[in-house]
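These are the structures, in structure tokens.
The following pair of complexes shares a single chain, chain A, combined with chain B in the former and chain C in the latter.
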Partner chain A sequence: MYTQALNARETETSAPEDAERLAAFQARIDAEEKIEPNDWMPAAYRKTLVRQISQHAHSEIVGMLPEGNWISRAPTLKRKAALLAKVQDEGGHGLYLYSAAETLGVSREELTEQLLSGRAKYSSIFNYPTLTWADIGAIGWLVDGAAIMNQIPLCRCSFGPYARAMIRVCKEESFHQRQGYELLLEMCRSSEEQKAMVQDALDRWWWPSLMMFGPSDTHSTHSAQSMAWKIKRFTNDELRQKFVDATVPQAHFLGLTIPDEKLAFDAESGHWTFGEIDWDEFSRVIAGDGPCNRERLTARQKAHEAGAWVREAALAHAEKRAARRAAAQVAAE
Partner chain B sequence: MTEKTTPLWEVFIRSRTGMAHRHCGSVHAADAEMALQAARDVYTRRGEGLSIWVVPSAEIIASDPSEKGMLFEPTASKIYRHPTFYEIPEDVGNM
Partner chain C sequence: MTDALFTYVLRLADDAAILSQRLGEWCGHAPTLEEDIGLANVALDHVGQARALYSYAAEVEGKGRDEDQLCFLRVERAFRNCLLVEQPNGDFAQTIARQLFFSAFMLPFWEKLTGSSDATLAAIAAKAEKEAAYHLRHASEWTIRLGDGTAESQRRMQEAIDLLWPYTGELFEADDTVSQLVAAGIAVDPQGLRAGWLATLSRVLEEATLTLPAQGWMQTGGRDGRHSESFGHLLSEMQYMQRAYPGRNW
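And then the complex of A and B:
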């Protein structure tokens, strides 16, 4: 999902933890207790969470870019206001998540540096271009739809600050998905040309959306430990299947065709079965070689550098005022 | 990157008149005024708040989680602090 790169990496071996403390920790997790920032936790739990939450935060921040491009090109004032609000929400979601990651002892500056240097990952989905207005609808419907599927179970994550951030995010995100689907519905009902534009968007976004859930369970080494720690509640494949089952009927309602010849309804299991994901493409995009990876990173670096003087000026101003206050206090005494 | 770190502030929002301010997250800001503005943008985009408090995170004094037992367990045995501890015939009624 927004943290799909986690699954691709092997767990590093770290110093052995005290078995007694580990057992007590696992007992708290098993009893569905929330782990709070000052509580004892295994180093690997902390590390996994810092990586997962910061990747999630980076995804929200980079996720503003493909859509931000369309704010000034929205076809109506209503659509423009909705898109602006959605992009603003994503900025906010990134900030809730950075705050949650910081409670684990990593600074905002470090996290920002990790993103800008390209060391940290973010969701592969944001490395695809938004070519037409229909892409904005497809992102709301599919990308935010997939995000909701992933984030609802994260509201019950064992780490308190992450779970609380997710509750806020989920409350706000439902509008993102709905505005996207509504937009597509309107286009599909308007004209054949517009409907063709929506079909083209679906053709390009369908497979990258399925990739958002990360590698298949057979290749996801991190999953088992994250499930035991109750950071994760469902496996990648379980969530992907839920997503397919929910979105196929929605595509049919729009009168669209899912770009997968193997897609079929299995009456016995009640699920839609689907074709194989292009895992080579997935690895390429994660590794930094997707259609827009360089562009996205450059845009973030540029924004950070162009904003440096504002941060410096604000701090200098705050220091100057604090010094003046201190001087006035001394003079008064 | 040799930037100075921007201070962290804890944000408390009062949602409706009569309700207490409640912790909802944190923001980074150079000073109190900017912290209030950032808190407004980040935490009240949907009319969630009528009032905001921001407190420098470094000024919060927190209890130690390892002292949880010592601090909070003694109250568990004092069931006589709850109204259900006392037996009153039903026809007497409640106040």
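And then the complex of A and C:
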């Protein structure tokens, strides 16, 4: 999920890079070679990737909260199992992404601290609440759907560990997306009341899902460097258009209405044209004033604080064991 | 015999369903990311067991009910799970103590049940046994880490063991339902598992530098539908969708 981190420009703090090395690096990228953790890379490339991968990881972790909100109330045992498995997958994505970030020389503790202190961002989508069971389907269909659009190109990202992590993540996300859609299909077929619940979920999740692709290209000149480094392969608007084109027919198949009066099919281009995103809302939610920003961060902080004694105990125990092993070795010699 | 078998399978199904409900509450709030994943995984195993067991109970009953009707449309007094599994999560030590007591019982239980003369139960047990082995390993390792960790973790782990101990007696209860089925070679005699269970606990608690509580007075009532006050809240949350939208497909 979640490439919003690629929309910010790196501040130039490091010393200028050696021009020859830079050129050689760019040549490798242009030749579609993968950059591996021990290879030389420009400081800004490393910094961009750490920020992108860690924000992606944070998004997976925070994303467990809105979906986890419905585990205890899933309507059937089959759906409960599917939801538990999905949320567990998101945790797994968080784990490999933190590991991929660690290959760039930053520890998970450091990254967690950045999240909990509010310095690091995560995808704005998770600052919206899950109010009904249909929201669980809508997240699978729309949010994971949008995430896949962003992530499929990341499977070809120039940084090897990130690209390889994305291959597995994309397989699982694509399963989640189909599962979410199937859940909504079942609801729409079951009764008018449930279909209305699905429409309400679409009304609330549609625009925030489009915001997941970030600012429009006219306002986002920052991604040029990421494109040159082949971290990013398509612009925000290109990906957003792909998502709309893929999703509108799926909504129609469910018998739903996309909450956009300007939505129309342009036969000439073969694309769906759509209305303007509420960019004020987008900026507000990114800046911290969405419906659930404070709640999400507080939940993560509480879990971290409440679990501190457990992590300390695990560490203390590991040290005791190591000391005993060392003592036993000395005694044996 | 059919009534007894239905009750017996339902008890096992309720144990699994209620424990998974409690474990699922941790998701996103665990002390480490690995535990968020681990506890969700243990919860998922129990949802799977509950589904197989409820479906079989429904088949034995023969009244056209299904797994979801049994799980989501029975009232508090009709639930037959033991009191241990419904105990609130508390802190991480309490959750681990609950897992330790339960999985140390369930692993040998499922092992024995694989020899049941009831082929369906034997098949369910064969799958559940593998899962329980992992659950016991997970709970034992954490009990040892917390017991032999810091002064605070040792205090919390010992308090958790002491707090939940009175709910372990129920695991070994054998009423007429159980006795009949044991005689028929279908069920496991829980009394026969007590020595092994105590040996497992003693080994783990010793390594954890913790104390096994004295036998003492034991709580009872779950198998007859007399539950804790917190249980009604668990059900009202778990059953909300099926109660609010009766007869719908999801």
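The criterion applied here is as follows: the second predicted complex is superposed on the first by the 322 of 333 C-alpha atoms of A that agree within 3 Å, B and C clash if a C-alpha of one lies under 4 Å from a C-alpha of the other, contacts with A are read in each partner's own complex, and residues count from 1 in each chain.
To be clear about the criterion, a residue touches a chain if its C-beta (ideal position, glycine included) is under 8 Å from a C-beta of that chain, and two chains touch if they have at least 3 such contacts.
Note that the coordinates shown come from a computational prediction; the quantities given were computed from them, not determined experimentally.
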Touching partner for A:D245 - first (chain B), second (chain C), both, neither: neither
Partner, of chain C and chain B, that touches more residues belonging to chain A: C
Contacts of A:D278 with chain B and chain C, given as first, second, both or neither: neither
Partner chain in contact with A:Q88 - chain B first, chain C second, else both or neither: both
First (chain B), second (chain C), both or neither touched by A:E186: second
Partner chain(s) touched by A:E109 [first = chain B, second = chain C, both, neither]: first
Touched partner set for A:H317, first chain B, second chain C, both or neither: both
First (chain B), second (chain C), both or neither touched by A:G307: second
Touching partner for A:D30 - first (chain B), second (chain C), both, neither: neither
First, second, both or neither for A:K78, with chain B first and chain C second: second
Chain B/chain C common contact set on chain A: 85, 88, 92, 95, 308, 311-312, 314, 317
Residues on chain A engaged by chain B in the complex (per definition of touch): 36, 38-40, 85, 88-89, 92, 95-96, 99, 102, 107-109, 113, 165, 168, 172, 308, 311-312, 314-315, 317-318, 321
List of chain A residues in touch with chain C within their complex: 61, 64-65, 68, 71-81, 84-85, 87-88, 91-92, 94-95, 98, 133, 183, 186-187, 189-191, 193-194, 299, 302-303, 306-314, 316-317, 320
Residues of chain C that touch chain A when the two form their complex: 17, 20-21, 24-25, 27-37, 40-41, 43-44, 47-48, 50-51, 54, 67-68, 71-72, 91-92, 144-146, 148-150, 152-153, 156, 237-238, 240-242, 245, 248-250
Interface residues, chain B side, partner chain A - complex: 1, 3-6, 8, 24-31, 34, 41-43, 45-46, 62, 64-66
